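Same chain, two partners: subunit A is paired with subunit B first, then with subunit C.
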Partner chain A sequence: MGDSAYSFSLTTFSRTGKLLQIEYALNAVANGRTALGIAAVDGVVIATDKKFASALVEGEDVSKVEAITDSSGFVYAGVGPDYRVLVRKARKSAQAYFREYRETKPVAQLVKSTASVMQEYTQSGGVRPFGVSLLVAGIDGDGVPRLFQVDPSGAYFGWKATAIGKNYVNAKNFLEKRFQDDMELEDAIHTALLTLREGFEGEMNGHNIEVGVVSKSDGKFRLLTPEQIQDYLDEAN
Partner chain B sequence: MSRDSNYDHHISIFSPQGRLYQMEYAFKAASSASGLTGIALRGKDTCVVVTQRKVPDRLVVPSSVSHVFNITSKIGCLATGMIADCHSAIQRARYEAADFEFKYGYSIPPAVLAKRMADIAQVNTQSASMRPLAVVMMIVGVDEEKGPQVLKVDPAGHFLPFKGTASGAKEQEATNFLEKRVESIPEYSFDETVRTAIVCLGSVLGSDFRGSEIEVAVVQGVQGKFQSLTEEEIEGHLNAIADEND
Partner chain C sequence: KQYYHNRKMSILEYNGAAVIAMAGKDCVGIASDNRLGIQYQTVAMDFKKVFKMNDTLFVGLAGLATDVQTLDQLLRFRMNLYELREERTMTPQVFTNLLSNILYEKRFGPYFAEPVVAGLDEKGSPYLATMDLIGAIETTKDFVVSGTCDGNLYGMCETLYKPDLGKEELFETLAQALLASVDRDALSGWGGVVHIITKEGVMSRELKGRQD
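So, the complex of A and B:
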């Protein structure tokens, strides 16, 4: 990062005081496929669709939702290859934290360090900002479910429920109507699926959506299997 | 300087719409630079790659014109795009594979290599000092646990596993051909895999060819080695295809 030939920042202020590269990066995110998250009282759910350009893709093991520690995970909207860089760095930093403190890195710390990396890429020489927004879901030792959004600028926000990517405005309105402060994880999962359905083209099934869940009961972040997702969809019908 | 979006066409920064023009141009270069089409397919226990061999001049030694490469003895790659960039990418892939085996003591699985090459490609889309390589790599190998795999890595740093895929000038037509057979492809025997790939190339190019005009390379089974078919072997398959059509 900050390569030899370019020792100057590519992201510079415009005459009106804007950092245009960051705004353009946000446009790249807004063109990406929708991802959403809901923080319930006893867990967090994050979800996104899983659509490939061709039926020839072997999609079973390909995943946008990724676990970072045992109890936290990411999902994104935007430029896939950039996301992989952030996942790798987050996992490495979580492992370094564990090596030093012998405790799982708390969600808020994970968010801060990832956000810091994203900010560096808006200021360092010779690089462009990341074209992704992240949703970070996790539960710390204190048992409090947490959902954060991190933007290309490096700004981060805690959310009760949110959506990013295409169609995020409609999705957020939908979530605002349905979110309750005392919502439980099961309801949250149903609501997440209903919200995804709003912008979904075609029939939703266990194989064309991804859902990541972390529950207070065991504190483990896991991906729902296609069968489990299908069960939730069947219940909704 | 870079606030002028004039530069978004020159280096890897975002355009106002959030697009990365350098990456899109790299894709164009990769598809049209060589004018070739390449196809990769995986059957029950076999992976095959097929592409045209266009020798530009009668005095050129034909065996030196190739887009098919070994990365290890078991993992091969069809690299379409600008040939010099292909050589650079292959050299790096060979290094990464060898380094993995040195560090971890076992041969690199095809998907791990593909991810590594994709992550390397991503760096060029985010760092302005080097342009993306105009190469689409189709890495093929038989994984010990997952069986035969085809992984396509593109200039943007995307990579996906495929049952079958194509790249280059006639990518779309070839993909359509393969999509029609998507259910049966994973069960194909060695011969079916090889012949379907050859027939696919023939149908999108709209012409027949001789054994010397295409390159075909295969790897079969976990113990198999990735190697190119000889001209005689290719002729054998072409004859079998012709017989089936009669």
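So, the complex of A and C:
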């Protein structure tokens, strides 16, 4: 986007070769609420905590984990409003793809186009980078579960398991110890919840965390209901 | 000497064409005539109307020759980009939808071409589709036709077609259906070409027909 007054980019190189706006965006991500994802052999799980500032907040209708296509979803860490712009763009792009090819947009293509949008905002006039890192989870027609991270710079990485946001270092260490290549989806969901609990202040229940799951059995991305989450938590106890 | 022609010819008939595709047992065949004309004057007897997109996907285009060639180029362009980006081959179903989209984009100033898609899907089953010049898709199990003698082609197919033909029989059936149809059409003919596609590969043969 180039507005008339700002045809120059606000993201410019420092003398040391850094793009400081991107560094600062990554700081915004690191201050955001933790989000994590695990790719099992038969599915992918992504989760985040949903703690609100006050008990008066009605959080049931606001979600952080969002489906993009039937078989893929996003979660984020960072600035919520920026995230919602990306969700909207990704959904539109996935529908445009379906209109053109009559096939669900593959996860990797979704990641590439979203990453491309994020990169544009580091090199266009009058705009700032998005203050979010995304975790993208999905399963393509080939049945392979996929988990990707996309950063404010537009860089993307494939992961077996990862965490972003506050406390991500501890969370990733925890995941590294627990992750196994032959992990199944049920184990992955338990591990995800345990990892979230590590950095959670207070009592974790079905209403203050969100979990999104896509399983190889039906290839559909869905959010777990608070009741289902509570069941998993009870099993973990 | 110039041939004077006073009746306005429809733009889809300007160059003349006959394209046909049929499904067999684990194979598909696609064939076309070779004529390129400018109204009634024949200008070439080796004009390609069937194009290979990949080893298991062919498209035949009947209609205005410039659009036939341009669509071939556009389809190749789009397919190549897709295969580079997605790191996989395009299935016939996706290709058909892509072609339909390309045609509909020009809804109010269309490409004057009516395509025929023939291929094998990922499981190796035959896939046939056709569409009109603005991209309305029709998929069938048996045969698809297009061109200035499409009525003749439909008649020959209905008569000669049998399901589950082997590749040699499919070749014969396609060849007979095509040659008989173009003989009654002034604008198509001058020989033909047939491609039979199986999992093992593609068999292409030139047809000797009436050179008139």
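Methods note: the second predicted complex is superposed on the first by the 237 of 237 C-alpha atoms of A that agree within 3 Å, B and C clash if a C-alpha of one lies under 4 Å from a C-alpha of the other, contacts with A are read in each partner's own complex, and residues count from 1 in each chain.
Note that a contact is a pair of C-beta atoms (placed from the backbone, for glycine too) under 8 Å apart; a residue touches a chain by one contact, two chains touch by 3 or more.
Note that the structure is a prediction, hence the values are computed from the model and not measured.
Undergrad: Subunit A superposed: clash or fit between subunit B and subunit C?
TA: fit
Undergrad: For A:Ser72, select first, second, both or neither according to whether it touches subunit B, subunit C, the two together, or no partner.
TA: The answer is neither, since A:Ser72 touches no partner chain.
Undergrad: Touch check for A:Ser133: first (subunit B), second (subunit C), both, or neither?
TA: In the superposition, A:Ser133 contacts neither subunit B nor subunit C.
Undergrad: With the two complexes superposed on chain A, say which partner A:Gln119 touches: subunit B (first), subunit C (second), both, or neither.
TA: neither
Undergrad: Determine, under the contact definition given at the top, whether A:Asn167 touches first (subunit B), second (subunit C), both, or neither.
TA: Neither partner.
Undergrad: Looking at the overlay, what does A:Phe52 touch: subunit B (first), subunit C (second), both, or neither?
TA: First partner only, subunit B.
Undergrad: Looking at A:Ser93, would you say it contacts subunit B, subunit C, both, or neither? Reply first, second, both or neither.
TA: Once the two structures are laid over each other on A, A:Ser93 reaches no partner at all.
Undergrad: How wide is the angle at subunit A between subunit B and subunit C, using CA centres, rounded to the nearest 10°?
TA: An angle of 110 degrees, rounded.
Undergrad: First (subunit B), second (subunit C), both or neither: which does A:Asn31 touch?
TA: A:Asn31 sits against subunit B, while subunit C stays out of touch.
Undergrad: Touch test for A:Val62: subunit B only (first), subunit C only (second), both, or neither?
TA: A:Val62 contacts subunit B only, not subunit C.
Undergrad: I want to verify one number: the closest Cα approach of subunit B to subunit C after the superposition, in Å.
TA: In the combined three-chain model, subunit B comes within 23 Å of subunit C at the C-alpha level.
Undergrad: With the touch criterion stated at the top, can you tell me which subunit A residues are shared between the subunit B interface and the subunit C interface?
TA: none
Undergrad: Mind listing the subunit B positions that touch subunit A in their complex?
TA: Interface residues on the subunit B side: 1-3, 5, 11-20, 115, 118-119, 121-122, 125-130, 149, 156-158, 160-165, 175, 178-179, 182, 185.
Undergrad: List the residues on subunit C that touch subunit A in their complex, please.
TA: Interface residues on the subunit C side: 85-86, 91, 93-94, 97-98, 101.
Undergrad: For the complex, which residues does subunit A have touching subunit B?
TA: Touching subunit B: residues 1, 3-6, 10-14, 20-21, 24-31, 52, 54-59, 61-62, 79-82, 84-85, 88, 121, 126-131 of subunit A.
Undergrad: In the complex, go through subunit A and note every residue touching subunit C.
TA: Counting only subunit A, the residues touching subunit C are 99-103, 106, 108-109, 112.
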